[in-house]
Amino acid sequence: MQLGLVGLGKMGFNMRERVRRAGHEVIGYDRNPEVSDSESLADMVSKLEAPRVVWVMVPAGDITRNTVKELSELLEPGDLVIDGGNSKFTDDRIHADLLAEKEIGYLDAGVSGGVWGLDNGYALMVGGDAAHVEQAMPIFDALRPEGPREEGFAHAGKVGAGHYSKMVHNGIEYGLMQAYAEGFELLDKTDVVDNVPAVISAWQRGTVVRSWLLDLLVRALESDPELDDLRGYVEDSGEGRWTVEEGINNAVPLPVISAALFARFTSRQEDSPAMRAVAALRNQFGGHSVHLAGPSSGSGSTQG
Amino acid sequence: MQLGLVGLGKMGFNMRERVRRAGHEVIGYDRNPEVSDSESLADMVSKLEAPRVVWVMVPAGDITRNTVKELSELLEPGDLVIDGGNSKFTDDRIHADLLAEKEIGYLDAGVSGGVWGLDNGYALMVGGDAAHVEQAMPIFDALRPEGPREEGFAHAGKVGAGHYSKMVHNGIEYGLMQAYAEGFELLDKTDVVDNVPAVISAWQRGTVVRSWLLDLLVRALESDPELDDLRGYVEDSGEGRWTVEEGINNAVPLPVISAALFARFTSRQEDSPAMRAVAALRNQFGGHSVHLAGPSSGSGSTQG
Amino acid sequence: MQLGLVGLGKMGFNMRERVRRAGHEVIGYDRNPEVSDSESLADMVSKLEAPRVVWVMVPAGDITRNTVKELSELLEPGDLVIDGGNSKFTDDRIHADLLAEKEIGYLDAGVSGGVWGLDNGYALMVGGDAAHVEQAMPIFDALRPEGPREEGFAHAGKVGAGHYSKMVHNGIEYGLMQAYAEGFELLDKTDVVDNVPAVISAWQRGTVVRSWLLDLLVRALESDPELDDLRGYVEDSGEGRWTVEEGINNAVPLPVISAALFARFTSRQEDSPAMRAVAALRNQFGGHSVHLAGPSSGSGSTQG
Amino acid sequence: MQLGLVGLGKMGFNMRERVRRAGHEVIGYDRNPEVSDSESLADMVSKLEAPRVVWVMVPAGDITRNTVKELSELLEPGDLVIDGGNSKFTDDRIHADLLAEKEIGYLDAGVSGGVWGLDNGYALMVGGDAAHVEQAMPIFDALRPEGPREEGFAHAGKVGAGHYSKMVHNGIEYGLMQAYAEGFELLDKTDVVDNVPAVISAWQRGTVVRSWLLDLLVRALESDPELDDLRGYVEDSGEGRWTVEEGINNAVPLPVISAALFARFTSRQEDSPAMRAVAALRNQFGGHSVHLAGPSSGSGSTQG
């Protein structure tokens, strides 16, 4: 079948290739003419036969919102728009309603796979009507990993469910990464264990903690055994924040995922205002010489 | 080669079978005569030719300590004892020293694999001298999973390093499980996602969060889609506690692993004394009718 | 001076009394005629001489929003509205803009003091223009505690700053209460300390942890030494949630305040879906008999 | 009465002064001859009439242990030793048993008050036999703050209960300080609130969060309104660590106190090995250009 694909960046570029490899025709559009198959959104739409399926793979937020709005003016009843970017699930209802006015269908698709997706496939979590899911299934089958469909694809629920599922996926991801990271730091710090990379490598088979992330950690340690080519400075994208906000909205305790998010915030601070306040308080009650300790006499302080 | 194996419980029983499948001779001893190959520790030792290798696979703590002590009286110079149980790493130096007085070697081995180890193999993290590791390598090769040795076996360092590595492995495991669990609860609670098991199943291929634990969660959801056949009551074994203690001893922050440990503590409480204190405090400053809220007039409270 | 006071519930009723004790005239309005001084908002407004100051002390959310809207239609240029409820700070800009169209002033006031405020006074954090703060200062002085003004009153900043400050105050309050609560539980659990109420009472003077909350905990323990008249079930009002959301919005790590919030969520759960997932995972990798431990043989599990 | 006082450092020096002000005779001993009243421990003991009370106020650990041992050889049946330092409660039973062999009594006293104790008094939590508590009561009354005895003094329980109570006190203190600190950072970060010191000052009267620590924070902000004369580098003494360890030993969840402890650990790291691991993992799955984001095309990454 035919697919219109808006956004040929790191993700979209590879996805076009994977869909083409599966035998489908893809007309891509990107503002960058070097990668684009069409001159404009309108041109892309004109090259597709109705009923059209158009996959939007551009940065979440205003760029996605504007793209969907523009498509609502270009497409026809019976066409289908799929937002595969990292949009917040609350945007999906708005997009679906906007398009429904024109009898255009809408699906939201959470996409996981990163730079490995071209070869490994992209796991897909989709929200929307069953009929729309059916309409796009050949594309989903082209994108998803080999193997049983249900192990790399889910129709998660109504509009929004795809991005919601992807959001939770990424929240979990934060927790998983932090768990490995804490274990790495403890192994790194102790002098009981001599060969940290060997230990982590040995967890790849047979252990409870084996995973794709663990394999990636082994890979990273192969080229940088102390992981000191990198600084411990970690960005966060929106999904971790949204996950914790949704935990709060639903009164679901998320101690691990929030701890992982906060560790990233802390990693980006030159100095912590909070810890300056703690230092100031200790100074206040413990005296100005709180950091000095005399070996011969009374304990420096009885407060912690 | 020959192996003496003390303890034929859930772990040891399967390990005997796996070592035998690899073509080695195993003389097992267990207090339960139905599974034992020998009548006593002494009998087991007498059936092995020197230099002997004896694997201890009994509960950590006094039972392991007593077994090692008894072996120190039964074995001869050149023999080797391997503690494969979940002993605390601080016991290992004591065992090694005790046995070294008799010129008996000692290795500590962290073993991961659980009930799946018989078929999948057991990942091994070993501490001790290289010569002792060499001596027992045929047994390690029999036990470890198929594939490259370094992906399921590590000589982690000196005596204690095997159990230390296993301790950290289990600490990580706590964090990983809690991360998945929090994500599950959020999906379960929201009404945006209809089909939680389908979403989690779809994470098995191509996603960042794919892992063996995720596969097990999918398995669990197949037979119990709401996970309500079980209560949310979770035991903890020693390793999670030791990991956090070692974090404290080494000034390594472990927010995720400790949160996972504390969640288990909380899961076992009928009622929380701490939360009774919070409730009592709110009652004190907010008034006895703090839980009542009148619809027509002033806000019930300006405190949280 | 004169004050119009909308909402004579638990907070407003006492505040009217305190302002009257300071010699001001208060015309209150409440939907409950038994406590109201006027028959309607319009009646209340008609009884005040311009320029009027009207204090709104009704539940946050739609009730406050509707009251402010109604006042915008009843008041005149030069009048002033103060929202003293627990509104979210994001509402304040909307209210201020709405009233500014009619040349009516607006202040947001965070009010702390609870049921003790009548006698102890109410601490006040106010946001808005300095001229409006000046206009209402006699009322602020009547409400705030005895002592230097700056120890119980702050002009925190522009519109919204009062409620923002109160929100952070309540977030801190969550953390403080949870810290005491955790200490209480540890004292309660250990058998080293015999007389927990005596220990906590002894912290009232001279210690680093002395505080009003501690005094209240002593009070609570006087009538209920084990705190077992209450269940460990703790509600949360909006401010704790908003504080964590603002932490996330500003990339400020809030491990303590979020932990306190999540402890409240957990306290209200009959059973934890997350911990059911952890239990299910342990069951999967450790075998169905994971809770059984045989005394005579191998360790039940090598996973945590 | 008479008191022997060993250790005239920051704490002991002031305590001697406070006990003397109450009319008692104090013979102090310190290795520093400039402050000492005696030439040696033996000399100090010889200057006291039996039955003697000797207060030990030296650094916890080996120095305290050695002092107690030396005193066990110098004192006589009926004498009493009080350890007022920050010893771990597990040392107390050992000290009590050692002294009991010589029929010398032992009390452990947790002391709070820091540099403010000379004038405000020292709160005391005491463990040991009632008869010994009675014997030393005049000294306790001299040291404790003015007011009812039970508000600044507790006989907490048997030997060890004093230090245990002090340990928990300090654990709570960690949580309280971190709660204020997080609130400070959020106020500091937002641009909604203009005058952070004014807001915190206004919390001193009438609020739920008022406390001595809050007063100290106000004091600190008076001389350093941004708290930028200090670095956010915070030491920790033993008590916070011991509190979390005891939480673990007793299966008491301590999310707030542990978070406060871990925040201190993090504050002392130049760079976090754990966060290097997270950064490395993101780099692995998101591609080398993960930090670059193109405005015109596809989303840079679909992982967090």
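Chains here go by letter, A, B, C and D, matching the order in which they are written, and residues are numbered from 1 within each.
In this section, contacts are C-beta pairs under 8 Å (C-beta built on N, C-alpha and C of every residue); 3 or more make two chains touch, one makes a residue touch a chain.
Only a predicted model underlies this, so the values are computations on that prediction, with no experimental measurement involved.
When the partners of subunit B are compared with those of subunit C, the chains appearing in both lists are A, D. Among the remaining chains, B is positioned farthest from subunit C, on the basis of C-alpha centroids. Taking shared numbers over all numbers used, the subunit A to subunit D interface scores over half, which places it in the same class. Chain centres here are Cα means. That of subunit B falls 35 Å from that of subunit D. Centroid to centroid, with C-alpha atoms defining each point, subunit A and subunit D lie 43 Å apart. Distance between chain centres (mean CA atoms), subunit C to subunit D: 30 Å.
In subunit B, the residues that reach two or more other chains under the touch definition are 112-114, 116, 170-171, 173-174, 178, 180, 182, 185, 189, 208, 213, 251-255, 259, 262-263, 266, 272, 274, 285, 303. Those residues of subunit C whose C-beta lies close enough to touch subunit A in the complex are 208, 241, 244-245, 248-249, 251-255, 258-259, 261-263, 265-266, 268, 272, 274, 285, 303. Of all residues in subunit D, those touching subunit A in their complex are 7-13, 30-32, 35, 57-60, 85-86, 110-116, 166, 170-171, 173-174, 177-178, 180-182, 184-185, 188-189, 213, 216-217, 219-220, 224, 227-228, 230-240, 255, 259, 263-264, 266-267, 271-287, 289, 291, 293-304. Touching subunit A in their complex are the following residues of subunit B: 89, 112-114, 116-117, 120-125, 127, 144-147, 150-158, 160-161, 164-165, 168-176, 178-180, 182-183, 185-187, 189-190, 192-195, 198-199, 201-214, 243, 246-247, 250-257, 259-260, 262-263.
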